[in-house]
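Below is one structure, written out as structure tokens, with a few remarks after it.
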Amino acid sequence: MRIGLLTGGGDCPGLNAAIRGVVKHALGEYGHSVIGFRNGWKGVAQGDVQPLGRSDIRNVLPVGGTLLGTARFHPHSEDGGMDAVLTTLEAERIDALVCIGGDGTVHAASKVAEAGVPMIAIPKTIDNDVEGTDLSIGFHTAVNIATDAIDRLHTTAESHNRVMVVEVMGRHAGWIAVNAGIAGGAEVVLAPERPFDIDKVVRFLRHRHRAHASFSIVVVAEGAVPAEGSAMDFTQRLGRFGEIVAGSVGEAVAAEIAERTGFDTRLTVLGHVQRGGTPTPTDRILGSRFGVAAVDAAASGRTSVMTAVRGDEVHLVPFDEVAGKVKHVPEELLRVADTLA
Amino acid sequence: MRIGLLTGGGDCPGLNAAIRGVVKHALGEYGHSVIGFRNGWKGVAQGDVQPLGRSDIRNVLPVGGTLLGTARFHPHSEDGGMDAVLTTLEAERIDALVCIGGDGTVHAASKVAEAGVPMIAIPKTIDNDVEGTDLSIGFHTAVNIATDAIDRLHTTAESHNRVMVVEVMGRHAGWIAVNAGIAGGAEVVLAPERPFDIDKVVRFLRHRHRAHASFSIVVVAEGAVPAEGSAMDFTQRLGRFGEIVAGSVGEAVAAEIAERTGFDTRLTVLGHVQRGGTPTPTDRILGSRFGVAAVDAAASGRTSVMTAVRGDEVHLVPFDEVAGKVKHVPEELLRVADTLA
Amino acid sequence: MRIGLLTGGGDCPGLNAAIRGVVKHALGEYGHSVIGFRNGWKGVAQGDVQPLGRSDIRNVLPVGGTLLGTARFHPHSEDGGMDAVLTTLEAERIDALVCIGGDGTVHAASKVAEAGVPMIAIPKTIDNDVEGTDLSIGFHTAVNIATDAIDRLHTTAESHNRVMVVEVMGRHAGWIAVNAGIAGGAEVVLAPERPFDIDKVVRFLRHRHRAHASFSIVVVAEGAVPAEGSAMDFTQRLGRFGEIVAGSVGEAVAAEIAERTGFDTRLTVLGHVQRGGTPTPTDRILGSRFGVAAVDAAASGRTSVMTAVRGDEVHLVPFDEVAGKVKHVPEELLRVADTLA
Amino acid sequence: MRIGLLTGGGDCPGLNAAIRGVVKHALGEYGHSVIGFRNGWKGVAQGDVQPLGRSDIRNVLPVGGTLLGTARFHPHSEDGGMDAVLTTLEAERIDALVCIGGDGTVHAASKVAEAGVPMIAIPKTIDNDVEGTDLSIGFHTAVNIATDAIDRLHTTAESHNRVMVVEVMGRHAGWIAVNAGIAGGAEVVLAPERPFDIDKVVRFLRHRHRAHASFSIVVVAEGAVPAEGSAMDFTQRLGRFGEIVAGSVGEAVAAEIAERTGFDTRLTVLGHVQRGGTPTPTDRILGSRFGVAAVDAAASGRTSVMTAVRGDEVHLVPFDEVAGKVKHVPEELLRVADTLA
């Protein structure tokens, strides 16, 4: 059997563990071959192949990123993209294609599956918003990095009596913000799940600093949005910046707090450090388990499925149960973030 | 309402997060009081109380250990222990008692509950073998520490062409060994779940080193046992050491490998470093959620229960579903450890 | 003897180690008392005192920030500031005053010393630009944090074929940029010591990406400046942003590279995380040694001196040898950064 | 010019940074070739060569160990060893040989230099006892690892009221013990520089626990020795263990303390984790600078020298100033360890 393999979308720590899992298990347990494609779906379209053997995956477990490279490219939305993909897969005699990616990649996978290709997806996204699985690859490491940053900001906030605003990733869901906020002991956590009222945030901080505290940590997900009816000024601040610098929401929040409270307020935008570097053990284990499960699925003919973890167990979930859905932070966790503020 | 709180059994990272969660939520959400007892059940028996307010839990989130202290003491097996406990709880007018601990503490809790005390338990054990919950406090940090050690041993093993044996904690279950083994890319993982055959381990290593490798990592849980019928010499080696030094199983395994293969073989016994230091974000979040859930349970009169996490959700599990049971590593995870070796 | 103690200027990791060193050594070796002042020179001026005993310094060694608090306040430039300081010192019967701080604090110390107060300074600055000492407290931790960030950006840059620009602290000297740049394997390091030519940077990156590479890391010190005669556009970009967001130089550099090369370019501004969190062992040891040396100096009447480390040894350096000077990165180190690019 | 390169003796983090420094600088600055020898002097004797180009050193900066492998082999003490070395060097037309190693390697280098080979040495040893340089490669990372372990033991010692004995590396000098002891806030540090009196240690701990403390950390260098006239029992305990398990001194110290004080006492032997894993930025920078300096020395014909760092500067030191000498911990640092206990 010839198993194709690609990584698509934004990179994150743990991808190499999944690649290693696929290769070791396919070769060792089944004697199958693994054909990698470079730079995501683009490499499939262009026939950019890299056969993967044991020596290619030596020492990659603790290394972030993806040894296959990645790119944002969707075959079904490019002219001739789908044909090019199918041509390559036939030319390379691929019996099943494993793609490691987020929303977009899984969506592309379901389109390619509709064209008759046996597909298995492995979920990765530091935002952790893929439906059907407790965890996606990369999320856990991102929470660790964000918590480490909050820990560091904590001591300097306290020494200087400052409000520290820290913007973390999370476009459609606030998993990183809420988890790192709880772990780092943040006073305020703004997540996409709950449009925020800047007036309320300001009132809370004023009250806190009047009562007993001299500093505060405010964690803002990049996808946090002001509630309707919030102060106009604030809404206008948003979107002032271009593509190269992240931080527009965080910057607006920090500016409002500074202006309205008079507190010494500073912004930190964590940005790309959240998606790089050595994966945590959890992400390495998750990638390894998903890689093994994907090969087992391919070998047993279970396709159009995504690997998933629920509690202690690994499952296979049909594409149509997960495609196009966003997994949001549960109410209980949001409440813990609030109550421990 | 007056909520009592204690930490029992061996300490681990994340206990302070749970204490903080109990205190912040009890005071902030309900206006309840929290009365801590020092050094576990011993402090209850001796009336060693420490009322807990907001200032006691400042900055404890990233700190390992337990600010309440702990001790191994079981009221039901001490002469007059149970009476002393009940006397103190009455004197302190405790309406519900939250105990954070492992097997032993939960067992003691069920005994005290039988005597009519409203009890809620929060599970902690770096061994992760408490039934009914995916995770217990402390386990996640221990896996991180063990993986970090394996990463370090990896580079030195490779540079020197050595077999590195590393003994990790796990008396009745191999959660740390299996997880750290997968995360660290170990070649052999010996866990209590599967009695091992030292002959087979030696054959595997000889074959591996003959084929292509020049080094190997062998992870041994402290509770790993040789299969019946294993070589006598080996069994005799076990138990040679006293109480102060850990390492008997690992030492026996390392000695056998060294003697029979002639490979340059070294042993590292991780020991107590696995239960100390800054908790990972996961353990801080787990402790925080459990602390909040325990207070909610106390407030709503749900007692004789243990907090538990399953997948994304926090649950309450009755004592009689968990007491006296050991949660073992699932077959799928053991298989991932084997197949990726 | 009554020793006064304050921390001034920006906070950083390792200050608590120095405070602990002063207190433990003064109390233990000499039986002296230590009187802390809260929030730097401001606290001296306002008589905001906090006597320091053994219990105040328990467990502070691994904690970032300063337990005394800090503020940017210079007694000699405030109306009546100097008188207020002298009044407090007399009222508190301070025999010698130890101040832990950077340039500004040392300058203030020399002014106060001129007014007859026995002063000893301990240098701290993450920028490491204090003359007369190999290391100042806080620098070493900052380099570790910046290197960790570059390591993380490295894997994501490589996976996505990107240019990653990372702005680090360093207003007048490029110690962090050069050290973290070498440690992280950066391709370009821009430091205040050498005004940079953006054309040359762009040419270098184009050549590198044409020749063999698909990604690059560019480290920019916040105090890096374009050489005279650089492209006007570039110079105009500078200073566009206000006080709340750092990143003006880095942003300008990233924008120029993106525009002129067409490479996918991203900016990360590390900001305040560089001055917080657990100090490295090196900063803890440095703080401890400086604290002990400062007390010895006070006890033996050696004043108007700054503690310093040179190679393996701790020295005392007169204020007038260090005041108003900036220590720059040596040529050899700049050359290593270049040659290993 | 053809530069030979080898790594000898025990491995440690930072060796790859030095190899990378040699290769990048030799190729980039001078156009020289670099010929690696595998497994130290053994590879030279056996003609086991590996030419080193840019692709060999990609991404090695954060990786521990040595990509060239290492072995303990001294050409001058093996029969025909010296002839074999000279034959290989001639056959490979090596113009200068750079060896990265500790005492033994530098000693071998001086012997080979006497036979007419242009030699340059780069010092590495986690023990940091090479004379003539403030730092040797690997030491700094080892101190970080040991301090991290002490931090972890600290919280568990405190929670359980225990004495924690931790044995660290350091055969002839106590650099790791003293530095990690200060950084970790240890109560007792036993180093080879000062033979210890176990009676005094026991008295100190008894006094401390009687006065105010409930726990203690005792750091023991593996080369610490009891003072003459110490209790016989103790001396007899030493040397009970074989080669596979480290820990004899630590074990003896822990057993004595347990027996004589009755305190709950535990031993941790850090062992091989101290010499593996990702190097700290300091070790990466040190390796990089030494690699560049060694190539410059070779290019300018300065041979029979060792690279060294003193304060901020890199120097070249003649072999005869360093060979056969042990650099001990200075008195001032020992005193800081004592006074802050």
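The chains carry the letters A, B, C and D, assigned in the order they are written, with residues numbered from 1 in each.
The working rule: contacts are C-beta pairs under 8 Å (C-beta built on N, C-alpha and C of every residue); 3 or more make two chains touch, one makes a residue touch a chain.
From a predicted model like this one, the values you see are computed outputs, not experimental measurements.
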{"item": "Chain at maximum distance from chain B, centres defined as averaged CA atoms", "value": "C"}
{"item": "Selected from A-C, A-B or B-D, interface repeating C-D by over half of its contact pairs", "value": "A-B"}
{"item": "Centre-of-Cα separation between chain C and chain A, whole angstrom", "value": "34"}
{"item": "Euclidean distance of C-alpha centroids - chain A vs chain D, Å", "value": "40"}
{"item": "Multi-partner residues of chain A (each touching 2 or more other chains)", "value": "63, 151, 278"}
{"item": "Chain C - residues contacting chain D, complex", "value": "20-21, 24-25, 28-29, 54, 61-62, 134, 140, 143-144, 147, 151, 179-180, 182-185, 212, 280-282, 284-285, 288-289, 292, 310-314, 330, 332-333, 335-336, 339-340"}
{"item": "Complex contacts: residues of chain D adjacent to chain B", "value": "10-11, 13, 15, 63-66, 69-71, 145, 148-149, 151-161, 164, 244-245, 247, 251, 254-255, 258, 265-269, 271-273, 275-278"}
